[in-house]
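Per-chain numbering from 1; labels A, B and C assigned in written order.
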Amino acid sequence: MKNPFVRYLFQKLLWYILAFFIAVSLNFFLPRLIPGNPVAVIVNQMATGGTPSEALEKLYATYMREFGLDKPLYVQYFNYLRNILRWDLGTSFMLYPGKVNGLIGRALPWTIALQIPAILSGWIIGNLLGAYSAYKGGRFDSVAFTLSLVFSNIPYYCLAIVFLYLLAVKFAIFPVGGGYSFGTVPTLSWRFIVDAIHHYILPYCSMVLVAIGGQAIGMREMSIYELTSDYVNYARNLGIRDEKIIRYVFRNAMLPQITGLAISFGTMMGGALVTESVFSYPGVGSLLFTAIRQTDYPLIQGCTLIITIAVLVANFLVEIAYGFIDPRIRAVQLGEK
Amino acid sequence: MGNLLTATGLKSYYRTVQGEEIKAVDDVSLEVREGEVLGIAGESGCGKSTLASVLSFTVLPPLYILGGEVRADGNNILVMDRETLRREIKGKYISIVPQGAMNSLNPTMRIKNFVIDVLEEHFSEISKEEALQRARERFEALSLPSRVLDAYPHQLSGGMKQRTVTVISTLLNPNVLIADEPTSALDVSSQKIVIKLLVELLRRKIIKSVVFITHELPLLRHFADRIAIMYAGKIVEIGPMEDIIFNPFHPYSRLLTSSVLVPEPGMKQKKIEAIPGVPPNLKNPPSGCRFHPRCPSYMEGLCNIEIPPLIEVKEDHRVSCFLYGGKNG
Amino acid sequence: MKDIFILLFRSKRFIVGFVLFLAVLSFAIIGPMLNPKNPFQMVGGLFTPPSDKFILGTDNLGRDVFTQLMYGTRTSLLIGCTAGVIATSIGVTIGSIAGYKGGIVEEILMGITNVFITIPSIVVLILLSIAIKTRSAAVMGLVIGVTSWPWTARAVRAQTASLKTREHIDIARITGFSSIEMIVLEILPYMFSYIFMAFILQFSGGILNEATLSMLGLGPYQTVSLGVMLHWSLLWEAVRTGAWWAFIPPVICLSMTTFSLMSMNSSMDEVFNPRLRRS
């Protein structure tokens, strides 16, 4: 491993694999803290729901086999790890015999299509706003800052509820939920795309506004720090015009914000999941909401697993990108002289 | 030879959040002559760096200018509009080697890109290659390795960074170079190299004058032509270097020169004295002569009441002290 | 200390935050005292709009929304505060020990911290919550607290490491204080404002986490909180039936609480970090 960048990459990768391993272990052990035989509990719940006893027995057998509850805990654990590596997340309780990976596979594209554009555009607009507000100062700054403070502190789902009520229920400008109109079939036709965008706008806006606020506050703070730094004064002393100086400041204040982007993936997750369920958007959030209501453990675990993977992958990519962009970081990490 | 810069009655105060004023520069007048090195010396907190900020227009809140003027080429630069100042004066007529030269370079930018920005800003016609070529020639002429241009600031040593900043500051051949404690963070050998560089810049007529601000008076011995001594926001004495270092008039200058070790013949017998008392609080400076509470020659009823004017006591040598006249009439 | 208060109360943003927070707090504490009703009692028809009898109408089961709001705000503040105290205590303990001790201790503690920063806390929260069947408000505060300390730990470590190089620390070390004494007597007092700000952040984060969990259906049992109210609204389609009185009040309460806490936090930040101040 002579190439320092490869070494850096390798170290980061190892670190993320460790984090993933710990997360998977929590995913396995925490639900097992539930007292009693979970399969019996679940099957009993279904029994009260009026499922015929024959089917119940079949269910019981399936889950006992799948969980391997008759085997010692460590065997169960290794089975679990092996199944994850094979991308087998088990069978859903509520949609028996539907497989968890199938359900998640159908929901995931919706979540990705909603979250990634919302986070990225919120991040970009927020940073531009924050930097401009720091540079401009005065009235613009105080108005923009106060608005950002207000928006960034409204939880996503609160804004989502207000939007849904005002813009879809009270004034029927937008549909009241879902990813597309009831009765249409997802196809690559214009009609479907327009319909999907129509359903997309409200959930997107309710997330993006909050994200803009949060990023703008962070960026404003960073930019104020940078604007009072020695190198800015020096560049001014040499007659460099403001437009160029803003570019320096923006770039430098932006670098820590890239870490902020990684954090957003993790911290936005909870709120974003709930936002989906507010709009009954057909993504992982709505799936999780239903799974929790139905105490569908395999599905809940599947959802938490996919969320963890998504956040870890996003963080990893951002961290690698950061090493590329900032020469100071690169110098430290690569031992460059 | 004419004056390149003339400051008259400069007043510049800091305003704290609590609403107090710190009178860092209070009624200061001086001129910078063509071809000279003017040293400005004083204890830390005497306002010399604030003076540098005012002369180089780095006046940012909470620092404010309350009065006076600074003339360059006949124009009062304190009232010039921002754009003219930027285009005509900054870097071109007056340039600065800042106090925090260590952090004066953008950490995420290669030196050459900054240099290109500086040159492009003042020569609209210049291409990137030409700008880089010009910078490379200048670096080499002043015996700095031109590979510095390809580096990021963090890859340079402290001394090299200071020299790089000095060369960048003088790229546009400014008439006045204000060097604010450029050597205080460096080791002795790097200090020497930086001072040599300044002398070399003057010799080659790249710059026409240097204002060298320092708290180390002896440093000025080697290359200053004139020295101004500052105390508590005011200039108390200004005159030729030899006079100030060997025959100062003002009681403060005397204590200052004797409190530092100047390795010169005849100095051996002199006792080294510390200046009694503490520097005054500039929020609420002493009345009359600001040095009177610490002064060994304090005259009750005069020094604590009236402000002594800066009067000429010898050719080109002015002192602000009642021991040498200046009383009414 | 007095100066700091004068500066704080000169900041408009701090005053706004402070007054809003006091308003929410007194509503949550005094409200239930003056009006000791059972928020679960069915008192009227389904989704009755606000009237003289029910200031904020009734919910899907005919329960009084105003009563729910008072008790719900109280529960949310309680959970947020519990979570804040626990998260701040754990974070400060781990961060200050890591920062003061350095070396292998720091490596290990910060390694653990970074793992839990990387793993999204909502995942751990969901997994813990489904494992604990009887979640009281206190248990929820505890669960949220033990999952949200890592950021505080990281920040406190950095502060401690920089404080450690100060002169008074060296002097105290010569006098033979133990590590614990050093941290408690010589380091933490200098970070008081910092720790207090971290607590405010955790407090507001705790309230938000409670709401998120409750809305997903993992809220406290047999208790009403702001998140639980919103969960009911979602579950029983209050939004789509246009029963605004069932969800707008908890939305406002929730947003006002977090906004007031964050305003105080950001204005304190400006007072304690003069570089952010603009004149």
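Heads up, the rule we're going with is that a contact is a pair of C-beta atoms (placed from the backbone, for glycine too) under 8 Å apart; a residue touches a chain by one contact, two chains touch by 3 or more.
Because the structure is predicted, anything quoted here is derived from the model rather than measured.
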Chains linked by the largest number of contacting C-beta pairs: A-C
Chain whose mean Cα position lies farthest from chain A: B
Approximate Å spacing (C-alpha centroids) for the pair chain B, chain C: 52
Distance from chain C to chain A - Cα centre to Cα centre, in angstrom: 22
Rounded Å distance between chain A and chain B, as computed from the means of their C-alpha atoms: 55
Residues of chain B touching at least two other chains: none
Where chain C touches two or more other chains at once, by residue number: 278
Multi-partner residues of chain A (at least 2 other chains): 228
List of chain B residues in touch with chain A within their complex: 56-58, 60, 86-87, 89-92, 95-96, 98, 100, 103-109, 114, 117-118, 121-122, 152, 154-155, 165, 168-169, 172
Residue numbers on chain A that touch chain B, as the complex places them: 228-231, 233-241, 244, 248, 251-252, 255, 326-328, 331, 336-337
Of chain C, residues touching chain A in the complex: 13, 115, 117-128, 130-133, 204, 208-209, 211-212, 215-218, 230, 233-235, 239-240, 242, 244, 247-248, 251, 254-255, 258-259, 262-263, 266, 275-276, 278
Chain C-facing residues of chain A, complex: 16, 18-19, 22-23, 26-27, 30-35, 137, 141, 146, 149-150, 152-155, 157-158, 161-162, 164-165, 169-170, 176-177, 217, 221, 224-225, 228, 265-267, 269-271, 273-274, 277-278, 288-289, 292-293, 295, 297, 300-301, 304, 307-308, 311-312, 315
